[in-house]
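Look at the two complexes coming up: chain A is in both, with chain B in one and chain C in the other.
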Partner chain A sequence: MSDQIIFIKYSILIWLRIVRLGLRHGPVNMVREIRRYDWLWYLLKVNGLMRRMVRGRAGLYREAICLVIYTVVCNIGDLLEGVFLHPDRLIMNEDMVPTEIARAMGLNTWTTEVLGILLPMLDPIAMEEYIDASENEGIPPDICSLPKSTMGMALKGKLPDVLAIVASNLPCDGGMASYELIEKKLNAPIYRLDVPFNFYNDRATRYFTEDLKKMIAWLENCTPGRMDWNRFRDICERRNRMAELEMEIWDMIRTRPAPLAAEAVYLPHLWHFNICAGSEGSLKLYERLVGMCRKNLEEKKGAVRNEKYRAVLWNPPFLHFLDIFSWVERTYGVTLIIDSMTYNSLPLIDTSSPDSMLRGMGNIIMQGPMARHTRGPAENYLDDIFRIYRQFDLDMIWVAGHVGCKNTAALNGVLREMCREAGIPLLILDYDLSDPRIVTHEGMITQVEHFMENVMKAERLAP
Partner chain B sequence: MFYMINTDCKTLDYFQELLAEPQNSLLEQAVDEGHIPIGYTCSYVPVPLLSVDRLVPVRVRAPGVAGTEIADNYLSSVICSYTRSLLEFAIDDRYDLLRGWVFVASCDHLRRLWDNLGYLKKPLFNHMLDMPHKTGEAGEEWYVDEVRSLAVNLSEHFGVDTGAAMIEKAVTEHNVVLALLRSIGELRKKDRPPLSGFDFHRIVMAAQVSPVRMIEPHVRTLLDEIAGADGGNEPRARLMVAGGELDDPEYIRAIESQGGIVVADRFCTGSIPGLEPVTLSGDPLADMARHVFRKTMCPRMMEDFDRRVEKIIETVKEYRVDGVIIQIVKFCDIWGVESGPLVSALRDAGIPVLKLEREYRLSGEGQLRTRVQAFLESMGR
Partner chain C sequence: MGSTTGKAVILDESGIVASCIVPSEIDPEETSRNALEKACAQLEDLKGYRDLAYLVGTGYGRNEVPFANENISEISCHAAGAFHCNNEIKTIVDIGGQDVKGISLNGDGSVMEFAMNDKCAAGTGRFLEGMSRIFRMDLEQFSELSMKARKPIAVTAQCSVFAETEVVSLLAKRNPPDEIAAGIQSAVAKRCFTLLKRIGVRPRVTVTGGCAKNRGLVKALSKILDVEVTALPVDPQIIGALGAAVFAMRKGR
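For the complex of A and B:
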C-alpha cells in the first residue's frame, strides 16, 4: 500500500511541475511552443516511464527511483524555462562539455544531445523520425544513433535557437563530426574544446585549461554572459559535495545485498552530474539518496529483494529499454550495482583560485567517464572495467554493445579474451542506443536469457 | 571506353609491380643494405622524419587482401575495412620487414588498430602521435612538440641521427621527389593529359611505399618519358576524386572505365595538397611539422570545414573539373558525417557530386561502373 502511495505522490508532484511550467509561460505561448517543439508531448509520458521503472521495486529503493525521476522533471522544467523565457541568455552545449562554467557566467544552457538521451527513455520510438531525417540527408546509417538523432533534430528545426554553441572532440568521431552539420543548421557561432589523446599529464592539463580560458573569453564576446568566479566557486563546491555524497553511496553499495541499485545509482549521475552539477537541487537529491541508502544499509535491507548476481553495465545505459534491469532483477535476481557512466575517477575540484578551478574542471572533462574511455589508449577503457569489478564485488560484466559505437566495439575482442582469462562472465548485449528497430526488446531479452542460462547456469526466480 | 593514352611507357609497369605486395622489391633491397623500414598509416605523419639516417618510411597497405576474418574478431565488423585489413596482414606477418610503426591519433579506427596491434602482435617500436583536433597556434605547437618526441624516440630506439642536419637532408630529398611528382601532376591540367588518373596514382602510391632515394630515378625517368607525349582521345569528363584512404589505383581505373579521366584528387594518399614542398627556414623539424599540420586537410580537424570545401572548389577550377566523386570507406565516421554537408556545399557551388561508399578492397566493380556511368550521364556527358 505504501509503495502505491509513493508512486501516486510523485506522479502528482511531477504533474504539478509540468503545470507550473505551463502557467509561468502562459497557455497561449505554450501552445505556440508545442507547435514548434512537438517533442514536448513526449514529456507527458514521464509517469509511464516511472511506472515501468518501479515495477517489482519496493520500499526506499522504489522511493529513490521516483525521487530521481521527479528531480529530472524539475530540472527539465528549469531548462525549458531558460529556453522559453530567457532566449537572450541561451547557449547550447555538447553533453561532454559540462554546464558549470556557462552557468557561472549567468547563461542558460541547453544540452544538444539531451533529447536524444531523454526521449527514448520516455518512448522507445521517439527518435526514429530524427534518425531517418539524418540518414535522408546523407549521414551514413552506421553512425552512432545519438548524433544521428541530434542532427535529425537540427535538420527538422527542433532544437532551440541559441546565441552560441560549445562542443568538443568528445566522445567519439561521429559525435565530434556531427557538429559541422549542427553548427550550419543552427547558424550559430561555435567553440570547440580539444581534448588531447594523452591527457593524464600536466602538459595536457595546461593545454586544456588554456582552451577553457579561451572558451570563456569567446563566450564573453558573443553572449551577454560574464564570468563570475565567486559563483563558479559556489557551483564547484556544491559539485564537490555531490561527489563526496556519491562516493558515500559507492561505499555502501559495495555491501551484499546492495542498499540501492540500478536507476537509483546511475540515473542521478547521468542527469545531475552532466546537466546541472553543482545546483542546489542536485545537491539536495544526493543528500536524500545517501539518507535512504544508509537507512537500508543499517536495516540490512537489500534494494533488490533477491539479489543473486551483481553486475556492472559498461557503456551508456539502454536508453529505450531502461526497464530491462527491473525485468532482470525480477527474473534472475541480477542487480545492477554501478555503470561506467557513473564511475568518475577524479571528482573533486580545488576551489582555491580561478586557475585551480579551471584545472579541476578541465581534468573532469578530460578524465570523466566515457571521455576517458573513448579517447586515449585501450587501457583507459579496459583497466577501469576490471577495477570496478573488484571494487564493487561483482559477479558479471555487462557491456551495452551499441552497434553504432565502433570505438568500443573494436575492443570487444580483447575484452572477451581478458574476461575469459580472469574467469569473469561477460555479456556483450548487442543493441542500438536510440533505435529499437535495430535490435528489438525481445531480441535483447533473448540475449540475456541465453547468457543467464548457458553461461551463468541460472534458473528463473519464482514469480 | 577507357581514356586512351598514346604512350607505351615501361616505367609505369614497374610502378605497378611495386604496388603488388605490401612490401616491395625496393624495400627488400633497402633492408639488405641495412635500412630500417618504419610503417605509417596516416598523412599526419611527418614522413621525412622517417627517412633520416637509415630509416625508410612505408605507407602501410594491404593489397590483395582477401578477407579479414581474424581481424573482425578483434576490431569487429563495424570498423573500417582499411584498419581491419591492416590488422589481418599484420597477424599474418605480411609486414615482417617493418621494424616499427608510427600511428596518429587521427580517428577512432586507427587508434583502435594501434591498441589491437599492441595486444596481438606488439611491434618493438609502436609510436602514437597525439594529434590535436584543432588548427591554430596552440594545436600547431602541440603537434611540433609531438614530432620532437617522436624524433627523440626514434633516435633512442634505433640509434639513428635525428638531428637538424639529417632532417634537413631528408626534407630536401623528399622535396625533390615531390617536385617531380608535382610536375607529373601538372600534366593533368592539359586538355588531353598524357597520363590517366590510374597511371598517376600508380606513381604517387609507388612513391609512398618505396625508399625515397631509390624511387626518385624512376620518377625522373617517367617524367622524361611522358612530358612531351601526346594525350589520348577527348575525355568524356574531367573528374576529381575526394575522400579518405584510397591506396589502390585500380579503383581509379574502374572510375575511368566509363570514359572519364580523373585529373585531380584530394584524398589521404593523393597528391593535392599532398605534394606541396616543405619550406625550410632554420628549424627543419619544426618546419616539417608545421607543413604537415597545415597542409593535411582531414575532416577529423574541427572548425576547418570551410577551408576543406574551398580547397576542393579551388581545385575544381584549377583542373577544370566537371564533377567530383566523393569516395568513403564504409564505417568511416569522420568522412561519413562530413560527406553530408560537403555534398550540399559543393552542389550549392554548382558542382555535380557523386558520393560512393566502398570497401577498402576493390569490390562491386559492376555497381561502381554503373554509378559512374549514371553520374556522367547526369552531367550530360
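For the complex of A and C:
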C-alpha cells in the first residue's frame, strides 16, 4: 500500500511541475511552443516511464527511483523555461561539454543530445522519425543513432534557436560530424574544444585549460554572458560535494545485497552530472539518495528483494529499454550495481583559484568516462572494467553492444578474450542505442535469457 | 524443435534406444507430437510419450511443447549432447536450418560461452538449400559435387541473396560447377570462422546440426579453422535432442 502511495505522490508532483511550466509561460504561448516542438507531447509520458521502472521494486529503492525521475522532470522544466522565457541567454552545448562554465556565466544551456537521450526513455519509438529524416538526407545509416537523431531534429527544425554552440572533438567521429550540420541548420556560431589525444600529462592539462579560457572569452564575445568566478566556485564546490556523496553511495553498494541499485544509481549520474552538475537541486537529490541508501544498509535491506547476481553495465544504458533491469531483477535476481557512465575516477575540482577550477573541469572533460573510453588507448576501457569488477564484487559484466559504436566494437573483441582468460561471465548485448527496430526488446530479452540460462545456468525466479 | 526438422531421442541407462527426425510443421506442438510418436513406436514396451519418465523440450519451438516436463535452451542441449558422445569436445559449431551457433564448453560439458547468428540466412542450412537448388541437386549431391573440386572459386558475397546472383553469374560463365560448389562451402565456413573467433577455437572441435552431414562443408571448415573436425558417433542432426535427453535422464532419476 505504501509503495502505491509513493508512486501516486510522485506522479502528482510531476504533474504539478508540468502544470507550473505551462502557467509560467502562459497557455497561449505554450500552445505555440507545442506546435513548434511537438516532442513536448512525449514529456507527458513520464509517469508511464516511472510505472515501468518501479515494477517489482519496493520500499526505499522504489522511492529513490521515483525521486530521481521527479528531479529529472524538474530539471527539464528549468531547461524549458530557459528556452521559452530567456532565449536571449540560451546557448547549446554538446553532451561531452559540461554546462558548469556557461551557467557560471549566467547563460542558460540546452544540451544538443538531451532529447536523443530523454525521448527514447519516454517512448521507445520516439527517435525513429528523426533517424529516418537524417538518413533520408544522406547521413550514413551505420553511424551512431544518437547523432543521427540529433541531426534529424535539427533538419526538422525541432531544436531551439540559440546564440552560440559549444562542442568538442569527443566522443566519436559521428558525434563530431553532426555539428557541421547542426551549425548550419541553426545558423549559430560554434566553438569546438580541442581535447588532446594524449591527455594524461601536464602539457595536455595546460593546453586544454587555455582552450577553456578561449572558450570563455569567445562566449563573452558572442553572448551577454560574463564569467562570474565566485558563482563558478559555488557550482564547483556543490559538484565536489555531489561527487563525495556519490562515492559514499559507491562504498555502500559494495555490500551484498546492495542497498540501492540500477536507476537509483546510474540515472542520477547520467542526468545530474551531465546536465546540471553543481545545482542546488542536484545536490539535494544526492543528499537524499545517500540517506536512503544508508537506511537500507543499516537495516540490512537489499534494494532488490532477491539479489542473486551483481552486474556492471558498460557503455551508455539501454535508453529505449530502461526497464530491462527491473525485468531481469524479477526474472533472475540480476542486480545492476553500477555502470560505466557513472564510474568517474577523477571527480574532484580544486576550487582555490580560477586556474585550478578550470584545470579540474578540464580534467573532468578529458578523462570523463565516455571520453577516455572511446578514444584510446584500449587500456582506458579495459582497465576500468576489471577495476570496477573487483571494486564492486560483481558476478558478471554486461556490455551494451550498441551496433552503431565502432569505437567500442573492436574493444569488445579484446574484452571477450580477457574475460575468458579471467573466467568472468560476459554478456555483450547487441542493440541500437536509440532505434528499437534494429534489435527489438524481445530480441534483447532473448539474448539475456540465452546468457542466463546457458552461461550462468540460472533458473528463473518464482513469480 | 528445429526450424526445418523436429527430432526426438529416447535414452535409457544403456544409451540411445530410439530416435527419429521428422519435417517441421507450422505448429511446433504438432511436430513434437509426430516426432515423439514415431520414436516411441520404435519401442515395443512403450505405449506412448506419456510413459516417458521425463521429457525435455529444446530448440526454437520448445516453449510451444506443452507436454514437456521442462524446456532447456538448445545451446545447453547441444553442449550436453556433444559432450555425452565425446567428453573431449571443447568447441561446437551448430549449423542448423535458420541459425549458426558457436559454443565453447567447460570441462564438465556445460556452456562456457556462445555466439550466434540468428539474424541472417547466410551461412545457414537455408543458404545451402538455396545454393543446391541453383545446381538442381539435393544437399547430399551438392556436398559430393563440392568434394570433387581441386581449387574452389571464391564466392565473395556475404549475403545469401547476392551470393545467389554471383553463383548464377559464375555458372553462366562456364566455370566448373564443382569448384563453384566448393567456393560456396568455403564461404559458409568463413562465416562460421568469424563467429567462432568470438568464442575462441579450442580442440576438439565438432560440428552438429543438419549441415554437419554436408561433408564438403565439414572439409572446408576444417581447412579454414586449421583444426581437425571430430566426427561424433551419433547422427549430428540429433545432437540437440540427445542433449535434451541427457538432461531428462539427470532429472528423471
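Throughout what follows, the second predicted complex is superposed on the first by the 463 of 463 C-alpha atoms of A that agree within 3 Å, B and C clash if a C-alpha of one lies under 4 Å from a C-alpha of the other, contacts with A are read in each partner's own complex, and residues count from 1 in each chain.
Quick note on the criterion: contacts are C-beta pairs under 8 Å (C-beta built on N, C-alpha and C of every residue); 3 or more make two chains touch, one makes a residue touch a chain.
A quick note: this is a predicted structure, and the numbers were derived from the prediction, not measured.
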Touching partner for A:Phe197 - first (chain B), second (chain C), both, neither: first
Which of chain B and chain C A:Asn169 touches, first, second, both or neither: first
Partner chain in contact with A:Ser178 - chain B first, chain C second, else both or neither: first
Touching partner for A:Glu137 - first (chain B), second (chain C), both, neither: first
First, second, both or neither for A:Asn454, with chain B first and chain C second: second
Contacts of A:Ala409 with chain B and chain C, given as first, second, both or neither: first
Per-residue touch tally on chain A - higher for chain B or for chain C: B
Chain B and chain C footprints on chain A, overlapping residues: 413
In the complex with chain B, residue positions of chain A that touch it: 137-140, 142-144, 147, 151, 167, 169, 172-174, 176-181, 184, 190, 192, 194-198, 203, 207, 210-211, 374, 377-378, 403, 406-407, 409-414
Chain C residues touching chain A - in the complex, by the definition given at the top: 72-73, 75-76, 79, 104, 110-114, 116, 197-200
Chain B to chain A touching residues, read off their complex: 73-76, 78-79, 105, 107-109, 111-116, 118-119, 128, 130-134, 138-139, 142, 145, 299-300, 302-303, 305, 328, 330-331, 333-334, 336-341, 343-344, 355, 357
Residue numbers on chain A that touch chain C, as the complex places them: 413, 416-417, 420, 426, 449-450, 453-455, 457
